[in-house]
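A, B and C are the chain letters, set down in written order, and residue numbers restart from 1 in every chain.
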Amino acid sequence: MTDDRKVIEAILLLASEPVPASAIGEVLERPRAEVTGALQELADGYTAEERGFVLREVAGGWRLYTSPDCAPWLERFVSRGGAGRLTTAALEVLAIVAYRGPLARSEIAEIRGVDSDGVVKTLLQRELLKIGPADQGPPMLFSVSEEFLERMGLRSTADLPSLSDFMPDAESVEDMEAKLSPRG
Amino acid sequence: MTDDRKVIEAILLLASEPVPASAIGEVLERPRAEVTGALQELADGYTAEERGFVLREVAGGWRLYTSPDCAPWLERFVSRGGAGRLTTAALEVLAIVAYRGPLARSEIAEIRGVDSDGVVKTLLQRELLKIGPADQGPPMLFSVSEEFLERMGLRSTADLPSLSDFMPDAESVEDMEAKLSPRG
Amino acid sequence: MSYEVRLQVFEGPLDLLLHLITRKRVDIYEVSIATITEEYLAAVASADELDLESSTGFLVVAASLLELKAARLLPSNAQDPEAGDLLEERDLLLARLVECATFREAGAWILVRMELGMAYHARRAPLEDQFVVAAPDLLAGTTVIDVAHAAAAALAPKPSVEVDTSHLQPIRASVREAIADIATRLGARKQMSFEALCDIHLERIEIVVRFLALLELLKAGALELGQTERFGTITASWTGEVGVDEVLADVEEYAGDREVRA
């Protein structure tokens, strides 16, 4: 059971959304009830040990939250730019969606070469990305929000500067490709 | 002190990049050394308690990671794309820049005895090298990125093992010398 | 043991020299510059690409080697100012080789360390909703130009690191195999021209390897070589005095036969 607890903790740390007990059960190959028991034990343990985080069951699953007691300090931390800044990754996702959107999650991940769900979620939360255009089926597509366009001083994405002016020294890329390709 | 530990844990959970001890110190209004001590205690505690997460000091700050023991179970929760193996040449350039950087392209080429522009470009794209430090004129200088330090689990390049650890041993140097020497 | 791996080894002239020098049984004095050149040319030719810088670099290294070789053949004379220059040059070369070897080792360590690092996954969850209001303006200081730069960097075609060798036939040239093959064919026919021994082998590297194999067999006394005039036909005659197994037991390892260390 110790090992299971360890893996459950790791999964919770990694998850960017609430994780259903059944999903953890699949990973560990354990019945759901057993996993739920372990989660409850973990949650009780965190509270008893006065940890800085709590484990809560919310709609659809379990998720780690910061302890409510810590909120005043956390607000201070966040407002000083300690968290929730526009990271390089976030700017990149925003830029990709602005130029190539609407895009599905998987397409964004493909372009960037890394999983980008956390970043997409942050940008949605901050209302810089939106789900849409509206009349779509699955998969869910993302576009930049009106808020983003307004902040950038753009009427629409059509007003974005031409990308070709910003390509990183296109010449050296060509040069390299020429070097790498077989002669004749 | 218990309270401080709790807040520190909460901050670490909230953060999305390595948090410098000084930033936590500012929030808690505690001297940096005290915070560092508490962070180290937390890190040791997690390891001793066999938690699913570990606390590491990397790239100038502290960050929560899943325990490496759990990696096999986490595969389906993470996709780290672009993780293709680096070539010997790329690793050599990384080593040179990590130990001798910031360096200009031409300096890297000189140490390796071969043009290295292609390799540098690839490493920039994989975010293992960065252009900088920022306040520089031409020629463009390269340093290893925070991403590199994080992946290596290093606080800074100062934590790299001494280069002398990688020197060929005295015997092989003598051997090389003998092979290059005119006969007595 | 594929040929691409060898290309990595031979990427730089310093690498090449280091590789040759650290091969235990190779002594500058004994290695023929021509053989090194053949090896290098073969590596370059098989890649179907010519990297001017590294080729020029190779010439420099080859020239230094020639000079060093020449120095070893002459009696040393400490009074000779030119000998002093040469020593200095040698020290410089040695220092660069040591440096090159050091960074190569450090690179190998980086690889190990990075692979260990792959087992750690950082928390990347987004900010908890309740703190969003406290967060500073995400777009503060960001301009449309920053967005364009970020998009260009992310969407730019990514050059591939690896040289595409899919168009190449894999070349499996091993001196040991060539020796066995020559021995079989010569043992049956007793005498053959070098051309005849090479007739089915079109790749340049394989011709070089066959030639090396002939030299090994000659050294072992398994065959005799004859050439009546300069650039004339080389004829190999089987002596029948030495078995192939004996020859193979003594064969030096050639680069193409070796696993790459790093």
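The working rule: a residue touches a chain if its C-beta (ideal position, glycine included) is under 8 Å from a C-beta of that chain, and two chains touch if they have at least 3 such contacts.
The shown structure was predicted, so the numbers you read here are calculated from the model rather than taken from an experiment.
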Exercise. Would you mind checking which chain's mean C-alpha position lies nearest the centre of all protein C-alpha atoms?
Key: B
Quiz item: Of all chains present, which has the mean Cα position farthest from that of chain A?
Solution: C
Self-check item: Rounded Å distance between chain B and chain C, as computed from the means of their C-alpha atoms
Solution: 30
Practice problem: Measure off the straight-line distance from the CA centroid of chain A to the CA centroid of chain B, and report it in whole Å. | Solution: 23
Quiz item: Taking each chain's centre as the mean position of its Cα atoms, how many Å separate chain A from chain C?
Solution: 44
Quiz prompt | Residues of chain C engaged with two or more neighbouring chains | solution = 51, 121, 123-128, 131, 159
Quiz item: If you look at chain B, which of its residues touch at least two other chains?
Solution: 13-16, 53, 64-66, 74, 77-78, 80, 118, 121
Practice problem: Could you pull out which chain A residues touch chain C in their complex? | Solution: 10, 13-16, 64-66, 71, 74-75, 78-79, 81, 83-86, 88, 90-92, 94-96, 98-100, 111-112, 118-119, 121-122, 125-126, 128, 148, 151-154, 160-161, 163, 165-168, 170, 173, 176-177, 179-183
Quiz item: So in the complex, which bits of chain A are touching chain B?
Solution: 2, 5-15, 27-28, 50-53, 64, 66-67, 69-70, 73-74, 76-78, 80, 82-84, 87, 109, 112-115, 118, 122, 172-173, 176, 179-180
Practice problem: Within their complex, state which residues of chain C touch chain B. | Solution: 8-9, 11-15, 21-22, 26-29, 51, 53-54, 57, 68, 71-72, 74, 76, 83, 86-87, 90, 93-94, 96-111, 113-114, 116-128, 131, 158-159, 161-162, 260, 262
Practice problem: Give every residue of chain C touching chain A within the complex, in rising order. | Solution: 48-51, 121, 123-132, 134-136, 138-140, 142-157, 159-160, 163-164, 167
